[in-house]
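One structure below.
Going in written order, the chains are labelled A, B, C and D, and every chain counts its residues from 1.
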Amino acid sequence: MTRQARLGENQYGKAEIRVMKVDRDRPRHVLHDLTVGVALAGDLAAVHLAGDNSAVLPTDTQKNTVYAFAREHGVDQIEDFATLLAKHFVDTQEAVHRATVTVDEHGWERLADHTFARSGRETRTAGVTHDADGTRVCSGLRDLVLLSSTGSEFQGFATDAYTTLPETDDRILCTSVEARWRHAEPQTDWRASYDAVRSALTNAFADTYSRSLQQTLYAMGARVVSTCHGVAEVRLRLPNRHHLLVDLEPFALENPGEVFHVDDRPYGLIEGTVLADGATADDGTW
Amino acid sequence: MTRQARLGENQYGKAEIRVMKVDRDRPRHVLHDLTVGVALAGDLAAVHLAGDNSAVLPTDTQKNTVYAFAREHGVDQIEDFATLLAKHFVDTQEAVHRATVTVDEHGWERLADHTFARSGRETRTAGVTHDADGTRVCSGLRDLVLLSSTGSEFQGFATDAYTTLPETDDRILCTSVEARWRHAEPQTDWRASYDAVRSALTNAFADTYSRSLQQTLYAMGARVVSTCHGVAEVRLRLPNRHHLLVDLEPFALENPGEVFHVDDRPYGLIEGTVLADGATADDGTW
Amino acid sequence: MTRQARLGENQYGKAEIRVMKVDRDRPRHVLHDLTVGVALAGDLAAVHLAGDNSAVLPTDTQKNTVYAFAREHGVDQIEDFATLLAKHFVDTQEAVHRATVTVDEHGWERLADHTFARSGRETRTAGVTHDADGTRVCSGLRDLVLLSSTGSEFQGFATDAYTTLPETDDRILCTSVEARWRHAEPQTDWRASYDAVRSALTNAFADTYSRSLQQTLYAMGARVVSTCHGVAEVRLRLPNRHHLLVDLEPFALENPGEVFHVDDRPYGLIEGTVLADGATADDGTW
Amino acid sequence: MTRQARLGENQYGKAEIRVMKVDRDRPRHVLHDLTVGVALAGDLAAVHLAGDNSAVLPTDTQKNTVYAFAREHGVDQIEDFATLLAKHFVDTQEAVHRATVTVDEHGWERLADHTFARSGRETRTAGVTHDADGTRVCSGLRDLVLLSSTGSEFQGFATDAYTTLPETDDRILCTSVEARWRHAEPQTDWRASYDAVRSALTNAFADTYSRSLQQTLYAMGARVVSTCHGVAEVRLRLPNRHHLLVDLEPFALENPGEVFHVDDRPYGLIEGTVLADGATADDGTW
């Protein structure tokens, strides 16, 4: 005898749409190199239960829409582009009640009027969700790799029978920052806001004498919400990229913080949220 | 003037601990090839706000614990191993209120008594969270790539001004299954349960004439919750690995479903949850 | 004052053409999942020096040819398919004097008549070069991960002032085999030849009590050339996937070869060629 | 009856040694973030044929040597560091007749005296081979992604029955440069030489109106050998990262070079060597 099943939460869409938009209507071209994702939710019971596709806008159409909107509306700010797309799907498809659009922007440096080199620095990100409750915009970045060669210690920690780690009063601290921040209200200039948050993150990282990566995380998040206008909350995910001091004693060499093995795995992973005072935590996934 | 900040949700731990445990106390060795992650939450305000590490059990200690527990307790079933570890951290560290332990198991095929080849099939996964509310166990798999060379259509879908996709009554359907399922109660034999769920997923995929990947997703999930004892809910994430029929007309060749370009990006992404009737949806992230 | 430049060796082509060919002319479908690369060399000075494209067959055309040949000729054996393509480009394009075609075949397991699961085992490879000197066929495999849980030691090695490694009389030996073998003459059944070589490699790995990975490499290669008909030479590339015994003494635990840390980097890398007696080494890159 | 086997070319070593060297003997720290590989060849028949390790310097020792040399000698210039290591192994191990050392250097930007951000630009590379014939030094780079948004055409190419590509007089040209160059003699300042070659490559890419990627490749290589002192030969490997103009006509939109799909696979791959006039081609692999 088998039990009955029922459908729970679901969504569908197109992931990793790779778009290059070139602004050519000016003496020096401008590049917008994006990876876009769309996810739609709504009245989708019939397709799951009966294979009735009448409410399913193909993911291929979603892709076409991204390309067409890039041409029609441009992509000056990724938060605006994501918002435009998210609203479009909800407003034009009766079955779609919620649309989430994510955009990654890959940076390029100008070498000449029409020539560029991929910058390889962090990726700027945006995520927008639109439904009957309104539009929620999240900005972010990832793969911003920061390192302090001194000014970091790790001491006075809890110990148990499985602890062998020695205390250290000077280590390399290195992390690859993934940050997302929620805006209390739309920004008038998303790029200026991005630059301000990025500076707050890197400055706090550089300024903070670190007793732990957790403390550095909080310092970074607090700097953002306290100095960046309109940012209500920032979520940080900081892998601890361990640089292990190599023991050179067998070779009759001292190693005063000079030579390190860069380890891949395992790695510490520190995750935390910092809120602006007065801001309400948003429990949703974003 | 700057605003105040406050700490929100946070956790920390060690990610991607790579452990190989060999059972040698038998004529033919047995391998357990695992990637383990630990994340702890609790009274961690002092470390974030003041760099006071007294409540921080080092992530290095967490790693040591995983190795030591593998030796002391073995790792026969990854769900049990994760549970043991999660309880250990909550039970022995006063500051730790919640522990989440994830385990990936990588498969090997036996070639001889002590010789093996990596199977390269899907990865089996487990995730266990333990706190004051109890222990929640989730099992899963990922990278199970399935393909049907016929018996799949996509027709009768919604269209708008951006739709160019033609309808098709015979296409390749290919996906890389990521599934996680929540147990209503602990299983007596986790491996047998895993095998049952895996069979339910592959059999439903093979049996279902597919009108859309959403329909196939629901059929797979419904098969699991209706036939696998004790599974309350299954979450599926199915990327649509597009196989695009190549137009061979310019070369005066027909192409009746024989030659396809395998496309990388973008790809459709279908996500959905199927619950056993009577089961309550668990809103948590797992 | 600047010096003059001149053109040296060069070639061009299309890389990573992803083709799925389905044989549908039988009750149970058969899959051929390939990644194909083409590289052409010949009279290409004009395009490099003057941008004169008249001798350049577009890489897009090369891609089309792969798809069309898959339809016209099928891809029963990847060595034959690569040979057909390589000859085609040399025979039909006057400017092309040498063509190299590589094919990777990705394995699938049958679940039902028209349903398959990606096997995830090793990738089978072929490389064919055709020019005025004839056709040279190389077969191969990669990502065949083998492990012995005992029967491997490493002792009596050379030491110097930088040596700290202790000797061991029992360790895990693990490698990811990359092998390519050159045929003295075309095989009548490439797949049977492949199966024979694969068996020779895995059997020799399993049979050999290993004093070093170099010894194991030679044993594997010697088994191939001495037992597999028509194989003149085999080149092996064996990364040593270090499994490091974890020191559990601090936790009052013995660890008699039971718990290992699986390390990613750095890794030993052993490369060697084994020839059939009487075979001439082929200095070319293949 | 089985045939005899004999050993051919072989080498062994340690790959992907990850070293971070911090110069701390100055007010502002300096980072050297390296990935080092060592490969040794010589009298290694005994280990292959009989498992006699007496001539085998462990790869673990090679790793230790890299760390110790970084401390003892610093790593100011990666070509010098690789040379020092290669000579060391040949000079101190009687069985070692040839040593090849490769070094990748990963760039960091300074944010403060002791704080850095990973630059993410190209990786600088060096490869040194030392044996009885002397020392051969090769410098290089990879993952330098360049793009021209105009000034590139592809017309007048060869066609056959499988050609469908239309001619274009304005396309995006994008490639990820991998370059290695051989020095006729040691440079006095390797970094200055590197900067000169990098500039020659990017300037030639930017300056050249491109009729094909082959032409651009030759222009880049010719610029290097004609303007960079002491560079005898440069080898370039240029994948053509196709940006495909999206057809927006179905949506009643023109697309005059504005919106592109960035395609992953397949891709054109253009490889070529450019020599300084008078330089002899070096047939070796480097």
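One rule holds in what follows: a residue touches a chain if its C-beta (ideal position, glycine included) is under 8 Å from a C-beta of that chain, and two chains touch if they have at least 3 such contacts.
As the structure is a computational prediction, the values presented were derived from the model and not from experiment.
Peer 1: Which pair, B-D or A-B, has more C-beta contacts?
Peer 2: A-B
Peer 1: Centre-to-centre on C-alpha atoms, which chain is most distant from subunit A?
Peer 2: If we average the C-alpha coordinates per chain, C ends up farthest from subunit A.
Peer 1: Hey, how far is the Cα centre of subunit A from the one of subunit D, in Å?
Peer 2: 31
Peer 1: Between subunit B and subunit D, what is the gap in Å from one C-alpha centre to the other?
Peer 2: Chain centroid spacing, subunit B to subunit D, equals 38 Å.
Peer 1: Where the CA atoms of subunit A average out and where those of subunit B average out, how many Å apart are those spots?
Peer 2: Comparing mean C-alpha positions, subunit B is 22 Å from subunit A.
Peer 1: Where does subunit A touch two or more other chains at once, residue-wise?
Peer 2: 18, 64, 68, 162, 164, 250-251, 264-265
Peer 1: Would you mind writing out the residues of subunit C in touch with subunit A in their complex?
Peer 2: Result: residues 161-162, 164, 250-251, 264-265 of subunit C touch subunit A.
Peer 1: Of all residues in subunit A, which touch subunit B in the complex?
Peer 2: Per the touch definition, subunit A meets subunit B at residues 2-18, 37, 39, 44, 47-61, 63-65, 68, 92-93, 95, 154-160, 162-165, 210-215, 217-218, 221-222, 225-227, 233, 239-240, 265-278, 281, 285.
Peer 1: What residues of subunit D sit close enough to touch subunit A in their complex?
Peer 2: Going by the criterion above, the answer is residues 18-24, 29, 31, 33, 64, 67-68, 70-72, 108, 111-112, 114-122, 143-151, 172, 202, 205-206, 243, 246, 248, 250-251, 253, 255-264.
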